[in-house]
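What follows are several structures.
Next, two complexes with subunit A in common: one pairs it with subunit B, the other with subunit C.
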Partner chain A sequence: MIVLEMFMLVILAFIIGMFFLGLSRKIMARIQWRFGPPITQPVIDIIKLFNQDSISHGLLFNFGIILSLAGSIVMVFFLPMGGMCPMSSSGGMLVILYIMLLGPLGLALSGGEAANPNISIGISRKFILALGYEVPLLLIFLAVMTHYGTISIVEIVKMQSANLWSFASLPLLLSGIAYLLILPALLGERPFELIKAPQEIASGPMTEYGGKFLALVTLQHAFHTFVGISLFVNLFLGGASNPGYFFLKMLVVFILLIFVNAVFPRFRIDQAIKYLWKWPTLLAFIGLIIVVIVD
Partner chain B sequence: MTVEILLAIAFGGAFTTYFLSKLAKRAGEVFAVLISLALVAIVAYFYNSSLREIFYTGFMGFPLVLKMNTLSWFFAITITSVGALSVIFSLSYIRGRERTDFYYLMLLLINASMVGIVVSGDLVSFYIFWEIMSWSTFLLISYNRGPALNAGMKYIVMSIIGSVAMLAGMLLLYSSYGTLTIAELSGVMTNASPGYVLSIFILFFIAFGVKNAVWPFHSWLPPAHSEAPSPFSAILSGTIIKMGAYGFLLFFYVIIGLKKFLGFGPSVFSLHYFLCWLGAITVVIPTFIALLQNDAKRLLAWHSIGQVGYIMLGISFGTSLGVAGGIFHILNHATFKALLFLTVGAIEYRTGTRDLNSLGGFIKTMPITFIGALVGTLGIMGIPLTNGFVSKWLIYKTLILNGKPFLAFAALVGTWGTVLSLFKFVHNIFLGQLPEKYKDVKKAPFSMQLPMMVFSFIIILFGVLPGIPLKVINKIIVSFGLDSLNINIWGIASETGTLNTINIFAVIVATCLVVWFVSKAARRSKIVKQEDNYAAGTFVPADKYQHTVDFYNPLYRMITPYLRDFIDNFYMSIARIMQNLFGVIRRIYTGEVGSYLMYIILFLAALIFAQIKWSIW
Partner chain C sequence: MDRNQLTKWLKSPSNMGHKYSLDVVYFCTGCGIIEIPPSITARWDAERFGVKPVATPRQANLFLITGYVSVKTLKAIIRTYEQMQEPKFAVGFGSCPINGGMYWDSYNTVNHLDKYIPIDGWIAGCMPRPEAIFVAVTHLWTLIDKEIADGYKRYRDKYKYYRANQEKVLGELEWPPLFPEDDKK
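Moving on, here comes the complex of A and B:
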């Protein structure tokens, strides 16, 4: 039963993630007055990439990317979606916080073995940016956990369906806004696209990937996008009792994200950190203080 | 078997090793390994035993007591295991250096005295073993000479201040209660006045805080850890600084007692809350200072302080989960930090350097060492499936559920600092470009690989099956008077959030396998050399530049101005002022008999004047 649920969740996350990738290219194209590729293009790309030749720099190069993708997929099991959450009783949000780390860490280990300067710069930026958005993210997580008095995300969703969405309830409003402000950084979209930055550092950590590695890293990106948005929907938009409704909520957030992505140019890394440690952190900090005072 | 025999073997073994090494070096080495392994076995034999014996009565009127309970056993087994593994590591590390007999003597003596500390049942023998440990540690820190002498000096000065504070605390206790055995002291302070408890507390806090390197007393640690020989750094960071934590546990929960400790002071400004904040500061500041280091061992040393912060946070928070997490973190930190120091030791042994900016690419030449470093790194970061995760989870959970999110925030941000700097550690040593001059570096010898493998195994074992150590820890916290936890072999069950590491393990491994099969199904990739790199039409030249230098440069530029170790600067300025002052006082020794004669006459004149004026005698 649990295995079946997991299987379904992975398929759903895969479809939604890939759909989002296709959709983002489509909407970006329309904003730029182009037609853009068909919405299934990312799936076609992945199938194509799996059949292409690739080079490898050693065992860790292969293993790191597998760990990265696996880490992102495992996250899906920890997040409730439409009433399904197979790993609900295995440590809650504190485990989620750490498993979110497996994705970037695997990618960084894999890229590290390739000994390419572009990759080193990309990894370094990735970790600095991660430190940048983790500070407000941790404050947000703590505000939510303190407010609901639990570390289980299923419980948090349950309490929201009984009362208000966190986003609509006053103590957590600021935290919700802060989450929206750091969401592009969490997903590596513009204005925080500096990790890949194809024009400067030849797509950073992905420089050496070709063929199946590129396919795996695209999949990782799809799952990661799913996870980042799903976390927001679960924590602030009350989750959902069925997958369709859940998907709708995710879609709204994602389209918002694409608009930001389409409009803003890229930050430099120090500008990104300054931004992340200023407004989102301030909002999240005040949010946490409010939560501590109210409860 | 009694505890005396354990101590007799520990101390006797140390000295026998010394004399054997004088006769034949090899015999000394073999005996050192045997005696340290025997100690592990003997300590393991005491599992679940509760002993208390007076082994000497006439020591200046004090009875000397030895005890063995779960708390002592837990620390003793950690000490002897880390000690044995680092003795094995020392075999090839220290061979070929001079004074190896002295090295083994000191190493074993330190282990023996630490076992002595945890089994002593009264403060007098505690203090004796404590001093043996402090002084032999000083001698081993300075083993390398050069900058190590300064490091050792800094350590011993602070250590003496701590010892003096402890001695004063003991005198204060003895003068009011007339006993120094721990069993009789426990709970006597329930009705003591707050001022009295506070003064006792401050004295013992200085004593244990210096050894534990809690934030305002941390400044001896970075130079000492980085200049000591690597296998000894493992012991220093793994177990010696944990003696401070043992002292805290003993003092908070056995001597002062749980109720008095938690209820001391007005609510928000209570003592244990103050200690928690000290722990939080100890987590954050040193961790981010560690990020700036370019010396591998110095980086790890600063992290030792940071991890001590977690331990302090856990044990002084005073809830079942918190204390259990803190005690578990003591064990975990001993394993992963010892492992990390050993990997640096192996690298240093093969290359002669530990400068993070000049190494790189050793995954190709030293794979086992890399695995050790990776596991240690994951452990200290607290990634699920390593033991560090479980202990940190316990601490975070209790902080959040007891409504202290800001403490939890400090601890979590510290974790992210750890992630950044430990990734830098792994990346700069093992990943990236392998410099030409290290192309022919050989693997670490087996005697170095073995301890690293054992430590890696322990880290993952206790990460997947945390119930094994947590069962023992549960007994300890129950003996402190805290509520028992619902421990299972896979973690902790509770209404407010269950931790199930076997589930996490299964799901991660299964997902990795599935992804692996998927990537297997695709076309095989071709293995290429490290020079075969994409660089926009040109090539990446070998050895022309090191792209691991200044790994987080944009971040350094932002945070460096805020991360001065002003505590150390403060101590050093005090030291300079004292030096100048004593320099002035020293001038009275002119070396001329005439002036000494003058001092005597002046002194006599002063005495006569005092007698005439006030007629004292």
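Moving on, here comes the complex of A and C:
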């Protein structure tokens, strides 16, 4: 039964992640007064990329990208989606905090093998950015854990359905806003698109990926988008009782993210760190203090 | 456009994928590049055909050479073409890559690009309008459908001929052959 649920969850996460990628391209196009590609364009891209030749630079080049994808897929198991929660019976948040770094780490291992200067710049930016958003993320997690007195996401969702959403209740409001502020950095969207930045460093860590490798990177991005938004919905918007309602909540958050993505230019890496360590960290810290005082 | 016909997708997913997802590396050699920004932005919007610019040749499968080809640029063109992953398509844009155009008697331009890399199609004109790019893309679709957009196969089969031509213009090449002779046998 658990195995079946896990399969279901991965397939659902894949479909929702790909749908989000297509939707983001469509909405971006409409905002820029274009007609835009069909909403299935990412799927077409994936089909094409799997049918294309690809060149490998060594053993680590192959395994790093698989590690990165596996890290993102494993995180899906620990996030309850609607009623489904195959592996998140206890201690979900700590596991997610650990595995979240596997994505950048796998890409770094893989890119290091290719020895391309653009990749090194992209990877170093990715890790510096991770350093930037991990600090507020840790404070947010601490505030949520302290408020509910548990590290299990299932328990947190249950308590929220009994009372208010934590985004609507006062002690966790500031933490929720801080999470929304770091969400673009977490997913690598604008204004934190500096990891890829095709115009300056030739798409950064993805420079040497072609064919099947690029398909795996796209899949990893789809799963990672799903995980980042699903975490917000679970922690702050009260989860949901069925997958359909859960998807609706995710859609609202994602469209908000795309609007921000469409209108903002790119930060430089120093500006990004300055921003991330100033406003979201400040809000998350005040939120943590409020939680400690109130409880 | 048969992008939404599911039966065709099930019949040959690879062909349909290559047709409707063309990632282009625009090679900015000359004045032709000025026609690319309007064609990929709001006025003509190439993305509705699935044509999208990418930053590196590794991710691309369509190579658009825009403008005259000088001897120095030819070196970069060959390297870019060889870095792309098969199946790959190359299209010459403007009259200069076809036969030299207005630079036909210049001392440092290459007159016939298809002697050095295989070209799947040409867009004639000086300059072609952005609409011509879309005509070329739809034409490339029919070529892919009939499986006669096989420039990359020609490059593999007649590599000796292309390499000899390249060496005639550029002298000794700095990189090893893409398809060494010993591998074939």
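Following the convention adopted for this analysis, the second predicted complex is superposed on the first by the 292 of 295 C-alpha atoms of A that agree within 3 Å, B and C clash if a C-alpha of one lies under 4 Å from a C-alpha of the other, contacts with A are read in each partner's own complex, and residues count from 1 in each chain.
The criterion applied here is as follows: a contact is a pair of C-beta atoms (placed from the backbone, for glycine too) under 8 Å apart; a residue touches a chain by one contact, two chains touch by 3 or more.
Keep in mind that this is a model prediction, so the values were computed, not measured.
When both complexes are overlaid on subunit A, subunit B and subunit C end up sitting side by side without clashing. Contacts of A:E208 after superposition on the shared chain: both subunit B and subunit C are touched.
Comparing subunit B with subunit C, the partner in contact with more residues of subunit A is B. Of the two partner chains placed by the overlay, only subunit B lies in contact with A:I273; subunit C stays clear of it. Once chain A of one complex is fitted onto chain A of the other, the partner contacts of A:D45 are limited to subunit C, with no touch recorded for subunit B. With both structures placed on the common chain, the touch criterion links A:I151 to subunit B but leaves subunit C unconnected.
In the superposition on chain A, A:I55 makes contact with both subunit B and subunit C.
Once the two complexes are overlaid on the shared chain, A:P198 sits against subunit C while remaining clear of subunit B.
In the overlay built on the shared chain, the residue A:G36 is in contact with subunit C alone; subunit B does not reach it. Between the C-alpha centres of subunit B and subunit C, as viewed from that of subunit A, the superposed structures give an angle of 110°, to the nearest 10. In the superposition on chain A, contact is made by A:I128 with subunit B only, not with subunit C. In the superposition on chain A, A:R25 makes contact with subunit C only, while subunit B stays out of contact range.
After superposing the two complexes on their shared chain, the closest approach between C-alpha atoms of subunit B and subunit C is 5 Å. Contacts of subunit A with subunit B, set against its contacts with subunit C after fitting on chain A, overlap at residues 51-55, 202, 207-208, 211. On the side of subunit A, the complex with subunit B involves touching residues 6, 50-58, 60, 62, 65-67, 69-71, 73-74, 77, 87, 89-92, 94-95, 97-99, 101-102, 105, 108-109, 112-118, 120-121, 123-125, 127-128, 130-131, 134-135, 138-139, 142-143, 145-146, 149-152, 202, 207-208, 211-213, 215-216, 269-270, 273-274, 288, 291-292, 295. Interface residues of subunit A facing subunit C in the complex, by the touch rule stated above, are 25, 29, 32-38, 41, 44-45, 47-49, 51-55, 198-199, 202-203, 206-211, 214. Across the complex, subunit C meets subunit A through its residues 3-4, 13-14, 16-18, 20-21, 23, 41-42, 45, 47-48, 50, 52, 54-56, 58-59, 61, 84-87. Across the complex, subunit A is touched by residues 360-361, 363-364, 374, 381-384, 389, 393, 396-397, 400-401, 403, 405-406, 408-409, 412-413, 416-417, 419-420, 423, 426-427, 430-434, 491, 496-501, 503-504, 507-508, 511-512, 514-516, 518-519, 521-523, 525-528, 530, 532-536, 540, 545, 547-548, 551-555, 557-558 of subunit B.
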